[in-house]
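Which chain is which? They are A, B, C and D, in the order written, and residues in each are numbered from 1.
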Amino acid sequence: MEIEKYQIDAHNQELETEHQRRFDFAAAENPQVENIISKLIQFQIGIPSWALGTGGTRFGRFSGGGEPRSLEEKIEDIGLIHQLNQSSGAVSLHIPWDKTEDYEGVKRLANHHGLRFDAMNSNTFQDQPGQAHSYKFGSLQHVNKAVRKQAIAHNIEVIRQGVAFGSDALTVWLADGSCFPGQLNFRKAFQNTLESLEEIYAALPEKWKLFVEYKAFEPNFYSTTVGDWGQSLLFANKLGPKAYTLVDLGHHLPNANIEQIVSLLLMEGKLGGFHFNDSKYGDDDLTAGSMKPYQLFLIFNELIEGMDAKGIDHATGLGWMIDASHNVKDPLEDLLQSVEAIMLAYTQALLVDKEALAVAQQENDTVKCQEILQYAFRTDARAIVQEARLRSGGAAKPLALYRTLKVREKLIAARGAKTIATGL
Amino acid sequence: MEIEKYQIDAHNQELETEHQRRFDFAAAENPQVENIISKLIQFQIGIPSWALGTGGTRFGRFSGGGEPRSLEEKIEDIGLIHQLNQSSGAVSLHIPWDKTEDYEGVKRLANHHGLRFDAMNSNTFQDQPGQAHSYKFGSLQHVNKAVRKQAIAHNIEVIRQGVAFGSDALTVWLADGSCFPGQLNFRKAFQNTLESLEEIYAALPEKWKLFVEYKAFEPNFYSTTVGDWGQSLLFANKLGPKAYTLVDLGHHLPNANIEQIVSLLLMEGKLGGFHFNDSKYGDDDLTAGSMKPYQLFLIFNELIEGMDAKGIDHATGLGWMIDASHNVKDPLEDLLQSVEAIMLAYTQALLVDKEALAVAQQENDTVKCQEILQYAFRTDARAIVQEARLRSGGAAKPLALYRTLKVREKLIAARGAKTIATGL
Amino acid sequence: MEIEKYQIDAHNQELETEHQRRFDFAAAENPQVENIISKLIQFQIGIPSWALGTGGTRFGRFSGGGEPRSLEEKIEDIGLIHQLNQSSGAVSLHIPWDKTEDYEGVKRLANHHGLRFDAMNSNTFQDQPGQAHSYKFGSLQHVNKAVRKQAIAHNIEVIRQGVAFGSDALTVWLADGSCFPGQLNFRKAFQNTLESLEEIYAALPEKWKLFVEYKAFEPNFYSTTVGDWGQSLLFANKLGPKAYTLVDLGHHLPNANIEQIVSLLLMEGKLGGFHFNDSKYGDDDLTAGSMKPYQLFLIFNELIEGMDAKGIDHATGLGWMIDASHNVKDPLEDLLQSVEAIMLAYTQALLVDKEALAVAQQENDTVKCQEILQYAFRTDARAIVQEARLRSGGAAKPLALYRTLKVREKLIAARGAKTIATGL
Amino acid sequence: MEIEKYQIDAHNQELETEHQRRFDFAAAENPQVENIISKLIQFQIGIPSWALGTGGTRFGRFSGGGEPRSLEEKIEDIGLIHQLNQSSGAVSLHIPWDKTEDYEGVKRLANHHGLRFDAMNSNTFQDQPGQAHSYKFGSLQHVNKAVRKQAIAHNIEVIRQGVAFGSDALTVWLADGSCFPGQLNFRKAFQNTLESLEEIYAALPEKWKLFVEYKAFEPNFYSTTVGDWGQSLLFANKLGPKAYTLVDLGHHLPNANIEQIVSLLLMEGKLGGFHFNDSKYGDDDLTAGSMKPYQLFLIFNELIEGMDAKGIDHATGLGWMIDASHNVKDPLEDLLQSVEAIMLAYTQALLVDKEALAVAQQENDTVKCQEILQYAFRTDARAIVQEARLRSGGAAKPLALYRTLKVREKLIAARGAKTIATGL
């Protein structure tokens, strides 16, 4: 299904007076508002194809209804979100879950929805039917060269498919690691992984990037071979200029200072992309901004500071993507909430008075530093984000319109109540 | 399959000289060794029926081969373990995974293998085919009374089946909780859960116990309604004398002092049972003793101290069970390792000089307190455990014999390489 | 020093237009604003006498200047804060740091500043000169009865002094615990502590409350005898109706869900009071709201929900206090920031649409539950808090006026640059 | 005081029969025992000068008696330990706590006790009387160049003093960081620190090493500028071949896999040294091996694996040091316990069958990998360590002899009961 323009218009018109009052107030309070809005309009967050179905845990999965049954329906779903918020203009594919033979058809469909193809994702953490070797004990790290070769070949195949889609980056997330002390020789696992990555790196087309994602634990519960930003950075540095670190908010040990990691990776020129989500305990994959919205703001504050210092374009310099799981929410509603939270955090971070902050830092005026950050964070940024969305042709209140239009009900009617999308 | 007595005898004979030398040394070092051995012989650890197949994570599962295809084959597997170590003489069933109509046949089979039926486990964290209401938003806590009723009825049905098997306890582990702030009214969730448990409690036969298991997080990632020992104890106290707290080692927040919890629950007369496993990050469900063997020893030290103070029999006073997942190990080998680690920790804790420790504690002689504990922990207890096992008719080295006899290969030959046991 | 009324008036007048515009907008957005303001005016947060000097860590302390040299100067400092924000109308004393002979004089001074005396705090975690017995190995838990007697007597003496001041509560925070496995018999430590608390409890005047504060770790690094809310609740229940649990935000294990604890303690009728601060790693004692402002909001959301359900008055039903350490900030500025953050969180929690939330919870509409909470949290509440403060006679922007008036410089001039206040 | 040789001899003679029986058993079990003993005899662990007095927390310090009042008495104390265990043959000094003018006298004294001078430690986390600039807001990271210059000069002065003592390494531990979001520009803090370290590095004599120690948190509670191994490695790599990372066991986030870090740092040729201690919650600075002895063993397993692979001599290739705090123990007893635990872990790690482990790893035989490691860990290594100590002229049971000889009582008699050593 698609939403009709007149439906969005009617919705917007109804909310116009209220919005105008709020936006006028926000604009009066924040003189730089036009500059911010133009940045917001540019800013697009990639939606992973596997986030359109209900997620689960090892204890079970409780499916909703109307889940996309094909790559085409996934793109349709992202198209719906993008129609509503105009900030979700990219799709990130996962192979083999999103295999197709009809690249041109899929590209046309994505184009129709205003979507481009973000980083491709390979999968060597699950065994596929008919696969020669198992990844039970790892893939790129595996002690058996034949297994590594298989995993390398898969990654190269994913690049090939990415080229066909018009993507320009490969994200490698490895479950590789160990569950018990002694299981692994850490050094050899690192070296094997490095050699495997080197082969994949060598297969990258020009202008492609390789994102090396790290994760502290799960599904391995003793060690992970790309376990933290330090290890990812080691790999990225050894691989070369096309290799970067990718940060997923949920992939850290308790209490980690992620914003500092972001800042240092930008300093080193090695921050490649971001997986947004939120968490309280581990890789909980909750809606972005649902648990620690101040952390999200602080991360954006460092992103902006570091990108501006390096002259990196906010919208195109890094890969921005959501990576969440939707166990108890409608996936599309969850994604709408995530994108909204990200846009709000970005807006509030743009509102920070950088010059004043630099002065306060130089004077060790800790109290003022905090005041400056919290001044921005305490500002109600919703009208600004809404204004940017309206100017882009989106809906004033995407989630409200989604419900008013009974999108989910229509998807269920069209696809059935028992469909299950590929993914976790 | 079963192991023949002559096979065990031959194995033991081969290792006899070596063992005798080691045991003689151990006996000379530890005068109380006979007393300990008689306790070890009594001590039996329950094996959960769901721990006989390969475990998995939300990212996937890599099956081994020869997994049990039925309740009967599960009991056969536990029988094999018990034949080897003579310390696994109980089985813990999980409904509906272990549904049967042939209670008498299953009981005869268990009896043949020397196994009794430990606590029954209900399952309201997954939806079963044909179920009227979904547990997506909880079971005993659910805002909808009809869902609660369904979950209560299931628990009562599990009790009924447990009676048929000759079990005398019900373990209730609830996934109930919430994933997002605001999703749940904590107080109402608690009250609903309490009312539901009261109905289940009322259905308990005389001499039955109800174990209320707690868990900090997963599969819910914001709150769990029975989230820590304090909440579990609140429920147990409100329910009455048959209700107890059950401790699973992996169900705590980082750095929790589990041995102190054990001590306090024993003080309150409310420690009911134990799920052994090990972990580094969360509910990792690793082999007992594989990650923090000293913690396991300290827990046994408190168990013995508290049980002796209360006059609770070590072997029968509490429910002892393994609850682990075997993602990268042969499940039967994993269980053999777990039981061995538990027996060693129990032995070392029995070796602690309690009188000397009490004196050192009274004198605040922290250095000596540590010396006393570590004297026991640093003692090589393997020959003592082995002697107890030999006297019970078990194998000198269960794992070695398991491999020599090619048990797994035979199970695969008999059952096939692609079988998948029910469970997680 | 004191701030003159005309100074506050001038400051307020200068900011009047700006404030009026913002408040008008906020009032138009939030129809219940008058009701909220009247609650804000009532709400007072106690300031601990030990929070007026520079804090430190075991690695050192970097004093600022102008720290109060006496109890009178501490009250003067709190008076300054209260003049500015009109929300800090109580002082919490710590004995022996705040010993005096002149109760009447001190009470007159406090009265002059509009301050009442909140809970008294005893200290059995440090040895005082001339003390007969050391607390090196605990106080109320100590294996030696003479030490326990000394600690009990101290607490009773603190009650006596509290009566003289007109306080009506005693907070007992115990460092008691152990640093090494084996050092302590957990059960005996609990029993000794309970007996000691019973003696203190028996000495409570009518209408007094006893707050039993818990803490997970530090300064003991293996076990703490009142280590979590479960243990504190056990003590409070065994002691009787005057005994309550006190929650300090920084006293939990990593990732603890404090708001759930708050809800359950209110359900049990045993939540007595609160120590506000913020933290990332442990008991970091940072400015309230500086690290996890959303958590602070969620806690207030549960406080309001639970207190309203029980008919507990927000302003007087519980003990509200800041307990922070100011290592790199001017203590008075830090306290102004903390109070502001608390008032904002309280306001936002009051803004939550409780009826709609209850409906959404009943419908398991997780998405809407989150929307409702975040609608309130994303609202800019500053103008509302400012309006309440102005109506109470406080300053529009307390921190700004504090700086404009050069309060710290004047305190240094009056007291010297090298003064060191008693405290940590 | 010094212990007389005849006292050690008498003690050893008394325990000879018992020891011989145990050692004979151990030697029969472990054919490689002579090889291990020769390694143990070489292995020496540095004792920090600040670990000889009672430690404390921010909540207080409970002094013992007989603490060393001077550098000479500190060396005397270490001499006592070394006499007893013959494994503590190095001292690590801390400037300014250990300032002296009499380098030759101190060197003679150390030489008399068989001690060499390990890494020097600078102190820029505290302000010293008369110091021009404060380190309240950092030292090498400070926004003010004058402060950085002061801190650099101090480090260079420490090198100068180290040369006079005959040391050959400088350990830089920085408390630098921030307590609040916004306080610091992470990138500038990193760059300032790097520039400062470069100046210190330039002042290193030939053959000297610079150890860059990292720490996750405390005393700063938001960010630390050298916060994890990744950051330390970045600094070490940018500085040059003389710069290395130093690992302190207590300086990590919860659940960190320290042994993997050790392995990777060795792989990169950048592991410089080690601070041994143990912890449960944070930088608890407890006795080595008192909390997680298996972790200590696993770390040594990686150390040996990595050092052997690189051809690094165990005894001299890295800097080995204890860094603990003794809040509730006699410092000398605590150090004796720590050294014993370290020697046991080292011995058990030497007992690991490396070839078999390599094979099992190559076969992904996780069960056997664990068996191999735990076989070594479960071995009672005490008689082997004792034999090595006896051959070196030490005492059979250092702690027992320390108590028999009433060393602490004699130190108190000589120095007084109220002495307080410099340190934390």
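The definition used in the following text is that contacts are C-beta pairs under 8 Å (C-beta built on N, C-alpha and C of every residue); 3 or more make two chains touch, one makes a residue touch a chain.
Note that this is a predicted model, so its numbers are computed, not measured.
Here A-C and B-C were compared by C-beta pairs in contact; the pair with more is B-C. Using mean Cα coordinates as chain centres, the one most removed from chain D is A. Distance between chain A and chain C, defined via averaged C-alpha coordinates, is recorded as 39 Å. Centre-to-centre spacing of chain B and chain C amounts to 43 Å, using the average Cα coordinate of each chain. In chain C, the residues that reach two or more other chains under the touch definition are 136-137, 178-181, 183, 216-217, 222, 254-255, 257, 280-281, 287, 290-291, 294, 328-329, 364, 366, 370. If you check the complex, the residues on chain A that touch chain C are 21-22, 25, 28-29, 254-255, 257, 280-281, 287, 289-294, 328-330, 333-334, 337, 341, 344, 364, 366-367, 370-371, 374, 377-382, 399.
Contacts from chain A toward chain B in the complex involve residues 55-60, 62, 125-127, 134-137, 175, 178-181, 183, 216-219, 221-222, 254, 279-282, 284, 286-287, 290-291, 327-329, 424.
Here chain C touches chain B in the complex through residues 136-137, 143, 178-188, 190-191, 216-217, 222-223, 227-231, 233-234, 253-257, 259-260, 263-264, 266-268, 294, 298, 301-302, 305-306, 309, 357-358, 360-364, 366, 369-370, 372-373, going by the rule given at the top.
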